[in-house]
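We just call them A, B, C, D, E, F and G in the order they show up, numbering each chain from 1.
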Amino acid sequence: MIYAVLSGFVLALLAPALYRLSARWSGVVFSVFPAILALYFLSHMEAVVGGEAVRVAWPWMPAMGLELSFNLDGLGLLFALAITVVGTLIITYAGSYLHGHPSLPRFYLFILMFMASMLGVVLSDNLIALFIFWELTSVTSYFLIGFEHDKDTARAAALQALLVTGTGGLALMAGVLLMGQIGGSFEISALAADNAALQGHRLYPLVLALVLAGAFTKSAQVPFHFWLPSAMEAPTPVSAYLHSATMVKAGVYLLARLSPVLGGSDIWLYVVTGFGAATMLASAYQALYQTDLKKILAYSTVSVLGTLTMLIGLGDKLAIKAAMVFLMAHVLYKAALFLVAGSIDHETGTRDIRNLGGLRKTMPIICAGAAVGALSMAGLPPFFGFVGKEALYEAVTHGNLPVTVIAVLTSMLLFAVAWLAGIRPFSGAETHTPKHAHDPPWTMWLGPVFLGCLSVLFGFMPVLPEKLLSAAASSVLAKEVHMHLALWHGFNALLVLSLVTFALGVLVYWQLETIKRVTAFALPAVHRGPSHWYALWLRFLNWSAVGQTRVLQNGYLRLYLATIMTVTAVLAWYTFLTYGDVTVVAMDWGDIGVHEWVVGLVALVGAIATVRAQTFLRAVMALGVVGYSVALIFVLYGAPDLAMTQFLIETLSLILFVFVFYYMPPFKRFSRRVVIVRHAVIGTAVGAFFTLLVLVATSVQWHPTISTYFSENSYLMGQGRNIVNVILVDFRGFDTLGEITVLAVAGIGVYSLIRLRLGKGRGS
Amino acid sequence: MTTLAFVLLGVLSLGIVLAFVRLLRGPNIPDRLVALDLLTTVGVGIAALYSIAFDEPVYLDVAIVLALVAFLGTVTFSRYIEKWAHHGD
Amino acid sequence: MNSLIVLPILLPLLVGAACVVAWRYVAAQRILTLAGSIVYLAVSVVLLERVASEGIQAVQKGDWIAPFGITLVADMFSAAMVATTGVVTLVIVVYSLGSMDRPREAWGYYPLFNILIMGVSGAFLTGDIFNLFVWFEVLLISSFVLLALGGERAQLEGAIKYVTLNLVASAFFLAAVGILYAMAGSLNMADLSQRLGSAADPGLVTTLAVLFLVAFGIKGAIFPLFFWLPASYHTPPVAVSAIFGGLLTKVGVYALIRVFTLLFLNNVDYTHTIILWVGAITMVTGVLGAVAQYEFRRLLSFHIVSQIGYMVMGLGFFTPLAMAGTVFFIVHNIFVKTNLFLVSGVSHRIHGTYDLKKLGGLYRAHPWVGMLFLLSALSLAGVPPLSGFFGKLVLVKAGLGIEQFVVVAAALGVSLLTLFSMTKIWAEAFWKPLPEGTETHAPGAGMGPMLGGIVTLAVLAVVMGVAAGPLFVLAQQAGEQLTNPAPYIEAVLRVRGGS
Amino acid sequence: MEALLAIVIGVLYASGVYMLMRRSIVKLIIGLALLAHGASLLVFTAAGLTRAVPPVIPYGEKAVTGVADPLPQALILTAIVISFGVQAFAMVLAYRAYQTVGTDDLDDMKATDT
Amino acid sequence: MNSLILRTASRFLLILLFQFSIFLLLRGHNDPGGGFVGGLVLAAALTLYAIAYDVRSMRRFLPCRAQTIIAWGLLAAAVSGVFSMFKGQPFMTGQWTHVYIFGVDLHLGTPLLFDIGVYLTVVGVVLIVIISLAEEVEEDD
Amino acid sequence: MVTDIICAAFMIIGTAFMFLGCVGILRMPDLLTRMQTATKPPTLGVFCLMVSAALYFPEIGVTIRVLAITLFVFLTAPVAAHMIGRAGYQVGVKFWKGTVMDELKDKYRGTSIDS
Amino acid sequence: MTVLLWNIMLALSWAALTEEVSALNLAVGFVIGFVILYAVRRLLRPSRYFEKLWQGVRLGALFAWELLLANLRIAYEVVTPSHSMKPGVVAIPLDAETDAEITLLANLITLTPGTLSLDVSDDRRVLYIHAMYVDDAEELRRSIKDGFEKRVMELLR
């Protein structure tokens, strides 16, 4: 199974090369791969349905608890089949839809990679591995959404999707790590087996919030749902794949997968159900206002995702069963409808429903597929969508009234939306479209037709998917469940509810404009709101980034220095005053000889004179005095080598100063008085700290120094009497080696800097 | 002898102060230069006295170096003061 | 054995000096440097293997016993840094062969480069605090010259800030070493670790620690001391930018980690808390800086700051896991950051600009360059399964482990913004159609070596992800060593030189 | 003497820091020089002062005690030479910047930041 | 504009100081002095000469380019440490030997070679800096 | 004993000359007169102090060094003075009001510099 | 010059013989050696060593005398509150020709307090000096030409 998942990545990397071999029929060729995978997963059906989970593992980063462990159970199989089957159809479709597109090879690369990642998500038992694949789906979808990257809107939509799902992903990462940390394992099966530790932990709410943030953003729950409609910038096969069957379902999958681990608590119930309910209604309502075929479908998808979330939030047996059925129904019809939308776009050149009509004559096959999809979506019998809706109603009526009301309202709206998207473009009179439409090649109708057939088949014979869905529900509930699905439940309250729904739905479709007008007041809140926040947030981000950078990285060296020095002074003084001990300082003024006073004071006055010098030469001379005084101090305290070096170096420095600044302009007084005072204060604060430090250091000696060793061994082992020199060339000759290297580089640097002028030459 | 050297060291220190005052007061660059030169010469003297005071002849080596650099510094400054003067033309 | 630890320092010196001898013969300098960097890589890998299998290696320079002579120590952290240096060096040398302009080659590029590597290796390997100062100066002066070499206006302006602020840091560093010696009486870091541990006034040690923090903080470019970095790193030729951005800044971080895991452990609650929060602020300000940029290399430069924040944050967490993550993250970051700069050089080669607004269309015209960029960019942003993800994963886990939620949240936010700015580069330079008026040059000769370097590092970003398991075992070893100085001290103080 | 020198060191650091923050690039370099003086004097003073007894083993003896601490001297020597090299380079850098930019005002050298 | 007096003196001083610098170099291991100081003295003397005459005249004294002097200095210093590695001792372990030339017992060791390396480097560096800068200034005379 | 006395005498005389130079530089009214007092007595002072040191340390090494220093100082001091004087003259440093004559005026016209 | 070497060798031998290596003893050895060499001068090749050394000593003596005298005068000038000097710049025509002659002369003049060599004319014919006591410029010129210049040219020719 590892190979099954990972082979997708390998194939993806080979895709551009393979493309060259297959060119014309590339879609068909590449679709063989998911088809094989679908067969592979089907072959495990029996075992999985029989309650055996297939499990393999490869240690990736054992120290972090990261294993590439795959677990094929009912839920995984359901999703894996959805991914591979729809994937097969989509790739076949894309080969024609994108035929001749220059980036087609890279399309295969990303879509295959996406598919493999998606498989990874739904099959991983290890939370970190799951997260890795999760992130990969976000990233690959970025490239798929931005596939038409010459368009600004495509790039923006791709970024939006990435940022929203990426944010959630990071939350999920934290959540996953906390789960592992608290639960003691990163294996979901292990965590599910012992969820009490996790749910009883004080950080449980945090964990839940983080995980839900991940799931909700990915599955486009209100208020994070805005990215999904924007993502319709993607080419249709991408939308069909990502936004019906796969990517957006990942969030739902995660909730389902983790409900044995995190679910069952009150917070779970209220939060998940609440978000789901809000999402299903709000986005179904938003869908009404759309005119772009794909956007209509997108909002309806969001609505379904909300429904699924809500069901998982309810979390009881009926709800989970309903979720599984509803999920399957949605995969079947939504992928079909997207493909239909793509075909319409491809054939007519527009997706605006206001410009579309009467296509049943020119595109009969597509029309058939669309009709089946739409009717299934509307929840009409005998399609599988009806079974799904029945299951939904059964679950919510066992729940509570508000949920029931919301479910009915949503279904009603979706009924109208389904009509809008799947029936209206084909009905009525033919309209004028940019391109003259006719049925596309078989590769492009295969998908809708195949999926439509499944909708019909499963609708008539719900027993077919029954076992698989039971197994999936069992995985979610972490206990064996069996469900019995039927098209006809008899005449009961649920059927009444369905009939009411249809009636209301017809009413809505009929009075669509009126309803839109009447309820338009609510639109900004749900529609403009979140995406507006996103835009605002981006603008704020940019504004704060630019502002911060302008303030911090302002280009003024003296401000940098002032900042650094202030930080140094404040931090150092604070630390010393807090932790240090000023009583260790012993100042002895009595032992200073006259000559010592003089040398010290000359150095001191020299430094001040340097600062106060009005001309360059004066400053340099005063600096020289400081340097010579330092050398004299070396003389006074037994450092002849040092003194000699200091005298020589100081003089050479002065010479260099004179050489270099020969042509420099005279000193100018640039700074205002207040600035001067400020800088003087900063300087004094730093200087005073060093004074303090020296006083402390001269008063404190924790351990004897190592230098006795040098005095004792300089002659005997170092073969020299001048200990300083023996240290320089032998004991610590390594320092000296580095030091002469510095000198050498400085010399070469000066040479090259003076001679090599690649700029525009002398500016002055 | 050491005591004497110490006393004289004090005297020379006072001399340093005087020369230093000239260095600070100028008024012209050559004046300061003379003061700097004098300071280093006094430094040579201090090195000599110091080596006597502490019975440590190594400071005489320092004196040589000091004499060398004093000369070098003075010459350089003078040369550039002249250059400066001519450059101004 | 003992020659093994010295070679990473000695070899570049010899090659560098030989290059100066061969001043006029650029071809000879190229060959020397290339050969030198190959040998360096081999040596560094052998050293890493040795450290992994035999534990911490130490050698006494000049056979003077510790703590009196200078000790060279290779623990896992050092060895990993040296090996990383080996890889990056070879890559940059190859890249330089294709990209460096002739005048700079003729005016000392190769000697300077070699000496820079010498300084970096010295800093990684030395076990002596003053010797560390010396190596810092070696790498600083080489970097000064490399930065300014060519003398273009932007280079000079950037170099002034770089030089000034780094020299200030050096002055602080030197003062701190002097005070340390005055109070503790030693320079050997292992010895100092023991001496400071039993210091009579821990408060003074803390004060000293803060001084080191400032000194290395400036060199490592942490908030609010980082100004020199974004001001200068985008000004020299791209190979230089790459080695600076990839490798050089990490030396400051290395030093920070070294002293704050070995020397200053007496007031961890205070010092490491400062470090932690400084790290957090650094990564946030750095990434915000990047968000504001529209110039390829400036953007990358600000990201350096941000990622240094990540590393410093790891030090602030200061658990074995965090340190392991930090080491892993640093190595990853060196590869990836270097590579991003190298890619920027390719785009510059093609369109003659680093301005993202003027760039465009690279993905369509050069899809392979795009893919190579992506591997590094996504790795930088911490996208799995590339190297950066694992560094981030470990650090975040470590942070959550000690419940530093705010800092972790900041870290995660930063990684999002990193992704944001990487996609900005991607969208602007690669996806967006080429704007009118931007010229396009034939990449010409030299593109081969350039791409060769980039491919190598991109592959490494993948390999570090795929092989994260075994590599992380090494990082864990480093993390253990960094949080428990005893083996280090023992290796240094027990070992007599000789073989 | 340590007390006096501590103050001298403080003044050197203070004036160095002050000079670094001037707008003239020349003053900047002078500031670096002052800072370097401060640092070497600091290392020298902090380690403790011994009057006039240089760390040289007299002829005829094999070891010596009571001399000035040789190690800080070696360190300072190294540091002095290093800072000479670095400063020489910094000076030339400043000079070239002045030449290229046409002014010694650092406020005119911020094109690389913003 | 050059001073005759200075020129004459500097010629004389150059010889004197060259000798003095070698003296400082060789005795540095036992008395104050050594490679740094010696190198700096020679460099100072050459600088003096360059100021008294001009850089071009000073360069005549150099056997090769200044950067070559630097490079050989570095190499000498580095190589002095390598000898011990062939004996299996750590880098820069001092090797000492007695050499008898003309009946004089010379106590030679790798630290001396190291110091010579230092000497050469220092001389080379100061010279290259002085040459670069002085020529830059002289250009404008 | 005799050596000691001579040594002390030289020491005192040398210091006196040096100090004289220091007083002179402060007291003299213009550059050239300051130089007259500031360059020569101290040179003589160095000489005396060196003699004193040579007498104090009865070692050939010290003697040689003393000779070297003396030679060096006597060679360089006048050159340095000459250089400063010339520079001062060329940059047009003002003469003391009591100056009686200037026969060098024709060679240079003094250029005033900012000091 | 060989004779000078001989003389130095003799001085060193003297120091070795007397087992006292000090400045004073070396000077004594030098004088003794000089006497010996002077005595055996016929055995040596013709040399102007003795003449030159004599001239050198005379120049040295003259210089020392002038030095002392002038220093005292300056000391007086410095310690007394009023200025009695009459400074001025005087041109001195040169007979000295070579670099060494001119330099030595100029340096001797400078070392002597009260006078300071300022510059040499471009044609090397005139030496400009600053003097502190220019009572009579001609007198000053004459004293220098008859004093230092004559002795210097004697010694160096």
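Keep in mind that, in the parts below, a residue touches a chain if its C-beta (ideal position, glycine included) is under 8 Å from a C-beta of that chain, and two chains touch if they have at least 3 such contacts.
Worth saying up front: this structure is predicted, and the values here are computed from it rather than measured.
Contact with both subunit C and subunit E is made by A, D. With A-C and B-D as the two chain pairs, more C-beta contacts join A-C. Here the CA centre of subunit A is 90 Å from the CA centre of subunit G. Averaging Cα coordinates per chain places subunit D and subunit E 24 Å apart. Centre-to-centre separation of subunit B and subunit E, using mean CA positions: 26 Å. Rounded to a whole number, the gap between the C-alpha centres of subunit B and subunit F is 10 angstrom.
Listed for subunit B are residues 12, 14, 16, 26, 29, 32-33, 50, 58, 61-62, 64-65, 68-72, 75-77, 79, 81-84, 86, each touching two or more other chains.
Counting only residues that touch two or more partner chains, subunit F has 23, 35, 39, 43, 59, 66, 68, 72, 75-79, 82-83, 86, 115.
Each of residues 106-107, 117, 119 in subunit G touches at least two other chains. Interface residues of subunit E, counted against subunit D in their complex, comprise 30-32, 36, 122, 125, 129, 132-133. The residues of subunit D lying in touch with subunit B in their complex are 51-54, 56.
Those residues of subunit A that touch subunit C in the complex are listed here as 16, 59-64, 66, 102-103, 106, 128, 131-132, 135-136, 139, 142, 146, 149-150, 155, 158-159, 162-163, 166-167, 170-171, 173-174, 177-178, 180-181, 206, 541-542, 544-546, 548-550, 552-553, 555, 557, 560-561, 563-564, 567-568, 571-572, 575-576, 578-581, 584, 690, 693-694, 696-698, 700-706, 709-710, 713, 730-735, 737-739, 741-742, 744-746, 748-749, 751-753, 755-760, 763.
In the complex of the two chains, the subunit B residues touching subunit D come out as 50, 53-54, 56, 58. Contact residues of subunit E toward subunit A in the complex are 28-37, 40-41, 43-44, 47, 66-67, 70-71, 73-74, 77-78, 81, 91-92, 94, 96, 107, 109, 111-112, 114-115, 117-118, 121-122, 124-126, 128-134, 136-137, 140.
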